[in-house]
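Each of the next two complexes has chain A plus one other chain: chain B in the first, chain C in the second.
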Partner chain A sequence: MRILNLLSIILVLLSLTTGCATFREDGRATLSKWPPDAPVNKNTIALQVSGKAIANDEQMDVNEGILEQWRKEVIRAYETSGLFSAVKSGREKSDIYADVKISDKGEPNMFMAFLTGFTMFLIPSKVHECLIINTTYKDQNGKALNSVSKTECVNSWIGLFVFPAMFSNSPGTVPKDVLFDLNRSSILEANSKATFNTVSRGEP
Partner chain B sequence: MNRLSRYFYVQLIVLVMLSTSGCVNLPPSTNLKSAEHAVNILPKTIWVDEVKVTDANVKNQKVIEESLRGNITTYIQEGGYFKEANALPGIIGKDDLVLDFEFDHFIQERHLHPLSLPLSIGTLGLYMVFGGPIAVDESNLSGHLIVKDSNTLVLTRVSAEIQEDHYVSMYNSIPTGLEARTSLVSELLTKCVNELKNNNYKH
Partner chain C sequence: MNTIVKQVNSVIILGLILCLVSGCASTKGSINEIAAPVNNDNITKYGGLVVQVIADTKTGSEPKLIVDEAASRIKDRIVNGIKKEAPHRFTEINAAVPGPQTILSNIRIKNFEEGNAFARFMMAGLGQMHIDADVDLSDYKTHEVLGKYEVTKTFAWGGLYGASQKITDIEEGFSDAVIETILRVSK
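So, the complex of A and B:
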């Protein structure tokens, strides 16, 4: 009876260490200086954010909640850059228009996920996921100014003993950080190519 | 009544409540399938202007409209329905066309499958484990496409409706309206191209 009690306590304690954590892969976007040096005359920018998710080469729905989270991170990057006098949305009149396309490509393994659950998380499983941002900048005449593409991949682990890592590597916050950094990196690259200075302000 | 049977009855009450509660609205999405190449092509340059979602059930209209506009523009470019397609802003040429989209029904609903309750109880859950349908996702979508010339004169307005439903099991419970949304946009574009061609808006 005492052994059974001890076993159940061990099982409960082990189950408490179960968790899911997301880790960024090496080769993340480099951010030379943030925020970059602000120009004297700042332009306004309007953002159009669209997104899609692909799991094992099959498209999946991206619901409005996720779209809103993604959009917030894009807007945060442009607002904190200090390069623009105003960050607007969609079709609002602006000096520069940025079409931001987000793709979330993942490779979940259903068999491993089942095995993890079936073995009470003794066998861990991993999901590999890449976030790809394609940004096209246009001026108010529709002339393409520049196009920037950035990618970063993350790995999410689920299993025993992962719980402590959740505090620093929560699956809820790491992808948001990645998205923010990818957008900051896109802005820095476009800025280094003078994309935001080439707009003739006030022209029709 | 022992603990096990009490647990069984609680489960039963929950399932009965679910089955009588009708349906739930699923969160809307905006992505579309990759476009197949259009059969009927109009040799014109078009500009996507406004994409409006007027369905009152869509809570976050701005986010949905913005993303949908980007995805529709990509879909038109991939499908090659027109000589050239872009989203405004841009300089609209004299012979160019401007497209406005409006979606008045854009929500999917999930209903409990009528067999799921009796069969789940009758087979002690094996029905669900073996992938039996537990719910039905239903899409009733409708939209309009308004085509204007470079002087904002309305040339034509086409409408389309799509009804699609599919079973949901324990293994494919993530909602998807991808098929229905893509069919709706595709039908609007095909109708629009046919209409414009029939009315000789080629030149």
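So, the complex of A and C:
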């Protein structure tokens, strides 16, 4: 009976190790200097953020909650860059307009996912997905100033023994970090091409 | 969490729910016909039933005491199951003095293994649970054979699910298969 009790405790502890963790792939964009050197005269920028998810070449809607999280990360990147006098959202009057299109593209194996659940996580599932950011900068007249594309891929593991990894690789925070970094990288690239200096001064 | 991971998680939850709902351990055991049931048009004349479950295990099975206890549990499950599934089929089951028109169902457990929960956890297929029995149906009075069957139930799942299941869980599936056998012959 004692052995059975011990076994039960071990099984309960093992079941508590079930979790989902997200890991960034190597080859992420390097950030040369953050924040970059701020110009003397700063422009204002208005951000238009949109998103979509593509699973196995099939486009899906991104729910408003996730889109709102993405939007926050984009705004955070532009605000912390120190390059702009104001970061606005939507179509507010501004010196520069940035159209940020975010794609969450992956090829999940739904059969494996089903097996993971059906075997009570004995067989783990891996989800490989790439976050792609296409940013187009325009001036007040709608003329395209520059366009930057950045991509980073992440792998999410769902199964037994993954729980401890969730503290450092939570699926709730890692994609946000990736988005923040991709946007920072886009800003640095656009800034290095003097995209934000070429705009005629407008009303702040 | 992104949309794709959320979608995958919903499929995982579906699989988990199906696993829990399907009750893999309690699914019905398999029935092999050893001797075809007699073509007895008067089978409905049998109004009584006697259920006997005896432990007659070989080397390698659990100790006889454990199998005897299991036999008692299985007998109760079978009797209760028949009363539930076909409440009007038999007027008496396991009467102290069986009437002349009674079917004797003799269930002889020849293999009974509780397996090993830890081995099941480590890998599906290891530490399996087995209950195998011969089910002989005959006329209680004349001993005329009404049918002979072999009923087997095996559980080989692994992981947490495999480890969490007990022999009593697969006794349910085994008993269901015996109930089906008895009702099939006596219909």
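Just so it is clear, the second predicted complex is superposed on the first by the 198 of 204 C-alpha atoms of A that agree within 3 Å, B and C clash if a C-alpha of one lies under 4 Å from a C-alpha of the other, contacts with A are read in each partner's own complex, and residues count from 1 in each chain.
Note that a contact is a pair of C-beta atoms (placed from the backbone, for glycine too) under 8 Å apart; a residue touches a chain by one contact, two chains touch by 3 or more.
Values in this document were obtained by computation on a predicted structure and should not be read as measured data.
Chemist: By the touch definition at the top of the document, which applies to A:158: first (chain B), second (chain C), both, or neither?
Modeler: The answer is second: A:158 touches chain C but not chain B.
Chemist: Determine, under the contact definition given at the top, whether A:45 touches first (chain B), second (chain C), both, or neither.
Modeler: After superposition on chain A, A:45 lies in contact with neither partner.
Chemist: Looking at the overlay, does A:22 come into contact with chain B only (first), chain C only (second), both, or neither?
Modeler: second
Chemist: Which partner chains sit in contact with A:53 here, chain B, chain C, both or neither? Use first/second/both/neither.
Modeler: The answer is both, since A:53 touches chain B and chain C.
Chemist: Have a look at where A:188 lands relative to chain B and chain C in the superposition and call it first, second, both or neither.
Modeler: neither
Chemist: If you tally the residues of chain A touched by each partner, is the higher count for chain B or for chain C?
Modeler: C
Chemist: Which partner does A:108 contact after superposing on A: first (chain B), second (chain C), both, neither?
Modeler: Touch partner of A:108: chain C, not chain B.
Chemist: Where does A:120 make contact in the superposed view: on chain B (first), on chain C (second), on both, or on neither?
Modeler: In the superposed model, A:120 contacts chain C only, not chain B.
Chemist: Is A:62 touching anything from chain B or chain C once the two structures are fitted on A? First, second, both or neither.
Modeler: both
Chemist: Do chain B and chain C land on any of the same chain A residues, and which?
Modeler: 53, 60, 62-63, 110
Chemist: Residue numbers of chain A touching chain C in their complex, please.
Modeler: For this pair, the touching residues of chain A are 7, 11, 14-15, 20, 22, 53, 55, 60, 62-63, 66, 104, 106, 108, 110, 113-122, 125, 127, 129, 131, 156, 158, 160, 171-172, 175.
Chemist: Of all residues in chain C, which touch chain A in the complex?
Modeler: Counting only chain C, the residues touching chain A are 1-5, 7-9, 11-19, 117-118, 121, 124, 157-161, 163-164.
Chemist: Can you tell me which positions in chain B touch chain A when the two form their complex?
Modeler: Result: residues 26-31, 33-34, 49-50, 58-60, 62-71, 74, 86-91, 171, 174-178 of chain B touch chain A.
Chemist: Going by the contact rule set out above, which residues of chain A touch chain B in the complex?
Modeler: These residues of chain A touch chain B: 48-53, 59-65, 67-68, 71, 89-91, 97, 99, 101, 110, 138, 140-142.
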